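A, B, C, D, E and F are the chain letters, set down in written order, and residue numbers restart from 1 in every chain.
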Amino acid sequence: MAKRVASFGEVMMRLQVPGYEFLSQASTLNYSFSGTGVNVTSALARFGYTGYLVSTLPDNAVGDAAASYLQKLGINQLFIHRSGDYVGMYFLENGFGARPSRVTYSNRLESSFNTASEGTYNFEEIAREIDVVHFCGITLAMNDSIRQHMKTFAKAVKENGGTVVFDCNYRPSLWGEDGYRKSKRYYEEMLDLADIVMMNEKDAMFVLGMKTEKKERTEQLVELIPAVAKKYKISVIAGTHRSINGDNTHSLRGFIFKNQTFTFSKTVTFSVYDRIGAGDAYASGIIHGEMEGFLPEKTVAFAAAAGMLAHTVVGDTPISSEADIFRAMTESVGDVER
Amino acid sequence: MAKRVASFGEVMMRLQVPGYEFLSQASTLNYSFSGTGVNVTSALARFGYTGYLVSTLPDNAVGDAAASYLQKLGINQLFIHRSGDYVGMYFLENGFGARPSRVTYSNRLESSFNTASEGTYNFEEIAREIDVVHFCGITLAMNDSIRQHMKTFAKAVKENGGTVVFDCNYRPSLWGEDGYRKSKRYYEEMLDLADIVMMNEKDAMFVLGMKTEKKERTEQLVELIPAVAKKYKISVIAGTHRSINGDNTHSLRGFIFKNQTFTFSKTVTFSVYDRIGAGDAYASGIIHGEMEGFLPEKTVAFAAAAGMLAHTVVGDTPISSEADIFRAMTESVGDVER
Amino acid sequence: MAKRVASFGEVMMRLQVPGYEFLSQASTLNYSFSGTGVNVTSALARFGYTGYLVSTLPDNAVGDAAASYLQKLGINQLFIHRSGDYVGMYFLENGFGARPSRVTYSNRLESSFNTASEGTYNFEEIAREIDVVHFCGITLAMNDSIRQHMKTFAKAVKENGGTVVFDCNYRPSLWGEDGYRKSKRYYEEMLDLADIVMMNEKDAMFVLGMKTEKKERTEQLVELIPAVAKKYKISVIAGTHRSINGDNTHSLRGFIFKNQTFTFSKTVTFSVYDRIGAGDAYASGIIHGEMEGFLPEKTVAFAAAAGMLAHTVVGDTPISSEADIFRAMTESVGDVER
Amino acid sequence: MAKRVASFGEVMMRLQVPGYEFLSQASTLNYSFSGTGVNVTSALARFGYTGYLVSTLPDNAVGDAAASYLQKLGINQLFIHRSGDYVGMYFLENGFGARPSRVTYSNRLESSFNTASEGTYNFEEIAREIDVVHFCGITLAMNDSIRQHMKTFAKAVKENGGTVVFDCNYRPSLWGEDGYRKSKRYYEEMLDLADIVMMNEKDAMFVLGMKTEKKERTEQLVELIPAVAKKYKISVIAGTHRSINGDNTHSLRGFIFKNQTFTFSKTVTFSVYDRIGAGDAYASGIIHGEMEGFLPEKTVAFAAAAGMLAHTVVGDTPISSEADIFRAMTESVGDVER
Amino acid sequence: MAKRVASFGEVMMRLQVPGYEFLSQASTLNYSFSGTGVNVTSALARFGYTGYLVSTLPDNAVGDAAASYLQKLGINQLFIHRSGDYVGMYFLENGFGARPSRVTYSNRLESSFNTASEGTYNFEEIAREIDVVHFCGITLAMNDSIRQHMKTFAKAVKENGGTVVFDCNYRPSLWGEDGYRKSKRYYEEMLDLADIVMMNEKDAMFVLGMKTEKKERTEQLVELIPAVAKKYKISVIAGTHRSINGDNTHSLRGFIFKNQTFTFSKTVTFSVYDRIGAGDAYASGIIHGEMEGFLPEKTVAFAAAAGMLAHTVVGDTPISSEADIFRAMTESVGDVER
Amino acid sequence: MAKRVASFGEVMMRLQVPGYEFLSQASTLNYSFSGTGVNVTSALARFGYTGYLVSTLPDNAVGDAAASYLQKLGINQLFIHRSGDYVGMYFLENGFGARPSRVTYSNRLESSFNTASEGTYNFEEIAREIDVVHFCGITLAMNDSIRQHMKTFAKAVKENGGTVVFDCNYRPSLWGEDGYRKSKRYYEEMLDLADIVMMNEKDAMFVLGMKTEKKERTEQLVELIPAVAKKYKISVIAGTHRSINGDNTHSLRGFIFKNQTFTFSKTVTFSVYDRIGAGDAYASGIIHGEMEGFLPEKTVAFAAAAGMLAHTVVGDTPISSEADIFRAMTESVGDVER
């Protein structure tokens, strides 16, 4: 039977200026709906999972459009609540070469998701329907009420024998001034509940305040991640090191730490078409590998290839099939498939 | 020298689904920036006025896009303040025939304009630079702070010898439950300050709570408007009666009450392409007629033609020149102009 | 609990020239996926039903696109089989005024649906999961294998206590020369199995070969439909009379014959934006009324309003909610909803 | 064998603002290539003629684009010369309802066509390859050199036994002040050479300076056209009376005067999508009827239907087939053709 | 006098998803018409040849659109037959970087071209009108009837003293399982008739079953191609070696074997915008060089430059002029031409 | 108080084929309005200057569209005259990789700007309102009347104590045969009046006819530019050396010569999206540095970064803010800004 996954998170409306114009030059926008939870759930649905999103949308034209879009992505609507008035939005202006892309947010704090009251979701019931649940640090940054939802849900899943995934995903702009200090205790609460964690050495140093004498990224990683795993009793920690090259390419190297052992993927270098959401593709690859019992070498290679392909695809949400990813793991770039 | 006009109001981002699709069917949006103040100022700028908008925009990509758009409309940026984080937005789905158009708002209460603090604007200075100022009932519905801005500004203009225009523009959805009762005292404050008022018999009955035994609209109008003018010492009251026909056409009849006399335009019937903003075109026609000293017959015919043409033009903001409007007042529909 | 409906039918790819150009003038196409079964199922899903399509799609990029599109429409994928190579397609060039719209088909006979072998579907199992099933005369025209599927499925539903709906939908071009004669026996097989039938007097005369002396359409209808109901033991027969006016409007009058009684809707006249699929909206209204136990007056008015709104919406597939349709039954054309 | 037709005239680039925006609102243009000669030749090519355009285009990217476009329209390139630097252009802003369409020209006087020197075309050779040639009054308005080309070509065709068609097509803006007086002698030169002339009573009165006491258009027509035919020895004179209605429809009534007899078409009323070029469709219908030896009743009905359909088609250039036009002559508006 | 070339082949409708979306993400398609024969003929028409396509199109809206498109490309319609019902179609999803492009075919076997009966074409007559004819291995894969057409046509051309070109163009998906074995005898029949053949060492090894001990591509080529030329009495054999680099560039090296001598072009490396049809551009360059009597060095350099430029152009069909190709042979990349 | 800058120059309409199609393939154009003066003024307006364009536009729909566009760019309309009939236009076809971009001009010599009569502009008055004026060699190439305007304006500014900037910008196609000889005296007149000059060693050699024995570009520059500065008494000479690389990147190195000293920027290499107008961005950076009193090192780095960013932006006109440019001077390429 298909594995069942749920994510808890906000649905964001992405309003993207087509091509390479600024918002002040253009007159049309492409729109879609995404969010870390949407991305991870949809990616896993394409791998054959039954994918639920646990979220809230307004009962108006924008909420209807979001719901239709999630359906198109293959996300089951069963646990999507309808109340409140707004959907969080962001504007995306594509960068080119020396000019970086730029994101401008609308007021997401008033969104249906972020204002959903206690008792909106029946987490006990949901927990019984799923095998794994995914949370992320963006949701954690919203408000106390949301953090309460997260803890309640994570605990319910653990009690039902499910797996809890947490992606640290620290966004400085969301936590504001003195954010590392303010966020630490919330992060620790989630790490205490999590089985699989997406993070790297920067999260350990900045969010968790851990110290190292090492200067090089990989050395820092190798020193700090085992300490994190031990302290918070985490089975699997995975993440990536990314470098941005001058020629519109990025390089990515994935790692997974499990059973006291680090496993690294090859460093893959690739042209980037749409950077947003690629981290979620990597996370979905790790979750899939763990749920399927892949060897760590296969899991991290699969996740890295999933991440790579997500950079070549329009939109935040990964769209590659498992077969596409396996092919990208093994083949060199091919000619037209015809 | 060119007359100088200012409007005080919010800049809204209009996000319109192209063609006749629902937001849940389409994937692109056309965007523009408008608002009652924007529309009136821009219309008057096309008639040769120096047009200022007194408003606040965020200092980010969305604010920059709004500012560029206002520049394109010919609006002087001198009194546009930059602070806060958001621009109010609305989604527009075009109706067709038996299916009405539909507007869905984002959270405008958190916009830069609606959160601008006391002291943001130097109304004394602005008042010295203008001959006429325009306010509307949509702005009045926002919050106490905005209402305070409005009163301060209106008083400053009056003290400097300028003309105060107020468009009642009552929107039930903005005032919520029991809105007529809640809004009455704010409306009365503005009517006390206004020289030219846009309204009709419905505003008199519902907002101001005036009574009439008459059943027919025109009879109600003729009874109530003189009473309003007298009570609040208003020089000019103008407005329209609109009827929506089954065949995608609307009919419009304008009136102006001045010097104890009603003057009506002919009823004009016309195909409608974009209904939003047409009332602002009518208001700008009345203001122009009054500032130029047109006879009432000419003023109301000019305003009605301006309103009619605004229904044939893309976007909220009137774009017809004075010459276009004069031609539409006198000519029948013409063949291609070549 | 939500009622459960299934349709059996082909998914067609609609390739529409945007605007009013000919295929030989344009260079882009809008595409969507539809079909009578898709349209009826999706319309009922919007009314709250669990809607299944029983069909076959190829396991390639076109099949994936069709499946995503059906998901977006809210159609459950559980009984959609994947095999074969092709999706049926049609090109649509929009007419304007005196110039009619034009449809050109690709080769649908080789489609995955039309070549699906015996045993593809487990009709016994499907029949247990649904309350009502919908078939149509377009599917009936395909080939013997498809007709065998239809009979097997209809019998299984009847045996499980479900309701069988059949829409006669005779398309001359699909049956070719001497089509009325060739098709009669297949139609009779379906009528024998059906509880609710969509047809009018033309089907009775031309397909079933019934005779009448009457000349006027309504008189023919009133004479022939009761005879059909009696002969084939059909509980409910419903349909419409349409007339096409010179000014881009159509007029529609619906009828329902049930318990030996005819009930007619008012004749509604409306501007037409997209004619295709409107008959399916009417059928879905009849099915909904019957499943919900509406009075015949309400059922036929609801179906007529559903049909009318479907003419105002982009695409073949009805998209109105039950609330939209109730409002259209009672209200006159409204101003912008804001 | 297919009849062979040539037109002599300029290729214009049409730059059209999509939808109903003004040039000052939009940011994209649709472009195509047309002109009276292009339109008539292409229409006749669709009826099965070999259609030549005699014209000049620059040997650059714009000229190449024009040439490709003419090829697509089925126009033979054999007599299109390449020299000079520019193509004439015009901008088209679509009107809506009460707002008329608007055309703005670029500098066509410097175009390749209008600056082509004497000797550019070998009219003797061309005349031997064609059965009928078409000229129009727009070309006549350009300059002396063009007028010399026209006369030389017309004479060559007459000497070779071909038929000369001249469409009066008087455009006030091209002749400037005192245009009727200035243009008269050039018009008379063409009328002396023409066998078939497109005109109506206005041309007779204003261009040719003929007098009538009648007030009503048809009475003026019936009095003046026979006098024109007699004075200039013209076999066939045809034209239309058009009226523009308030609801986006036009009414058209065609006439043909031949063998001392007037024949009128029915008045056809129809919705208008693209008005430009419809007169050329009418002219092509008259030419076709005359070349094929239709009875006058059939010719004028065919021409009126061709004109009507041209109003329903995108672009200046008629695109209907002979079969489409015959169907439009006889049938009422039809449902979707599928 | 201009050389006259004909190609025999199917016209395919290319339905391309714009940008980099999947078919399951987008809602519009760009369409055009192409095919190996179309591409080669059009390329040679741009070099000044009279270019005929010998093919069959349906007499419906799709066939009309194809015919218009071919006209635009400058292809003479004289030998295009109209019968049957369908045009072959393929969907193209553009790859990006690590993600390859993907082609999905509609059912081309039922197309007008592939079902055209014996006697459709008068090959004797056509052969007298042309100097060179082009065939390809894609057409050869269709069915026996098509193969019969090919042989009849090739023999007729040879008997009339014309030149026969055959492009091996082996597509595994068209021949299915055991395709090399099945196709061999048909390939040999064409090679026996051909004067100029497009192929490389892979065709020799896999299709013709020739053996070599060599491992390196160029060594295999140099050993096998002379043997092929000798065995089948072929005057000229030409082809390319392509390698696909990781950074969106391809490298291409052309060869020509003639008079017992190999001549190679420089290896050119270039960014790729649209890969499809580039092989046809190379073939058209070889044909042009041979027909014009270029030295082999010039022919192969011209063909390689033509192939390179075809990768930079939208659509399957080469669009560069002879002058463009000569410039690309000699110049380095230039600044804007203005 | 904000510095005030004016440019004297023509407004050109840019008609760009979207994507990478040729004009003969596409059917839509993107349009905008630009010109060297527009670009420099708009760039400086974004840095906080009051920016005037001194130019002439027609009083028609095209002129209105141009004026709106300039307003959107933040250019003050005070000194834009309205007369004449035409706007100069150019068509732009984007190159890709090995295929260069291509520009085709319409007839700009008849434009409103180029036909504006003596006395159109009140240069004395304008000179009193500005601190710096910018001219360029493109304008100088137009005609005697324009050159007279330039000299009059430059003298007026000098007499009022303003700064005169002249960009040599020699375009061979505008001066025609023997252009260097014909243009020399006009260039010398402007150099005599200029304080800041944009040029490099090629202008010195070809336009001014200066000699050098050096072969290498930088050596030629270092020898010739000081001689030019001395001969024409120019305070500041600045310019760039550009090289175009094979991989869609350009390399740029800026220089400034001032106080007898050369200062060079680093060579920056970057991907190019839109090359046109980048030189104007560099010039605006030099002007800004000089007006603000930057050190030469900062000025030339700022100008080079401004030029680099202009290559990444859609359209001719630079759109980067001062803050964007400062960031690009110091940072490496960043990740998405969110």
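One rule holds in what follows: a contact is a pair of C-beta atoms (placed from the backbone, for glycine too) under 8 Å apart; a residue touches a chain by one contact, two chains touch by 3 or more.
For each chain, UniProt lists the protein as follows: A, B, C, D, E, F = 2-dehydro-3-deoxygluconokinase.
On a predicted model such as this, the values are computed, not experimentally measured, just so you know.
Repeated interface: A-B and one of A-C, E-F or C-E share more than half of their contact pairs by residue number, and that pair is C-E. C-beta contact counts were set side by side for B-F and C-E; C-E has more. Per-chain CA centroids place chain D at a distance of 42 Å from chain E.
Here the CA centre of chain C is 63 Å from the CA centre of chain F. If you average the CA atoms of chain D and of chain F, the two centres end up 45 Å from each other. Computed from the mean C-alpha positions, the centre of chain B lies at a distance of 46 Å from the centre of chain C. Taken residue by residue, chain F touches two or more other chains at 22, 24-25, 27, 68-69, 102, 247, whereas all remaining positions touch fewer.
Of all residues in chain A, only 19-22, 24-25, 90, 95-103, 105, 171, 173, 242, 244, 246-248, 275-276 touch chain F in the complex they form.
The touching residues of chain C, when paired with chain E in their complex, are 15, 18, 22-25, 27-32, 60-62, 64-65, 67-69, 85-86, 89, 91, 93, 102, 104, 106-107, 110.
Within the complex formed with chain F, the residues of chain E that make contact are 247, 249, 269-273, 308-309, 311-315, 319, 324, 328, 332-338.
Residues 68-69, 71-74 of chain F touch chain B in their complex.
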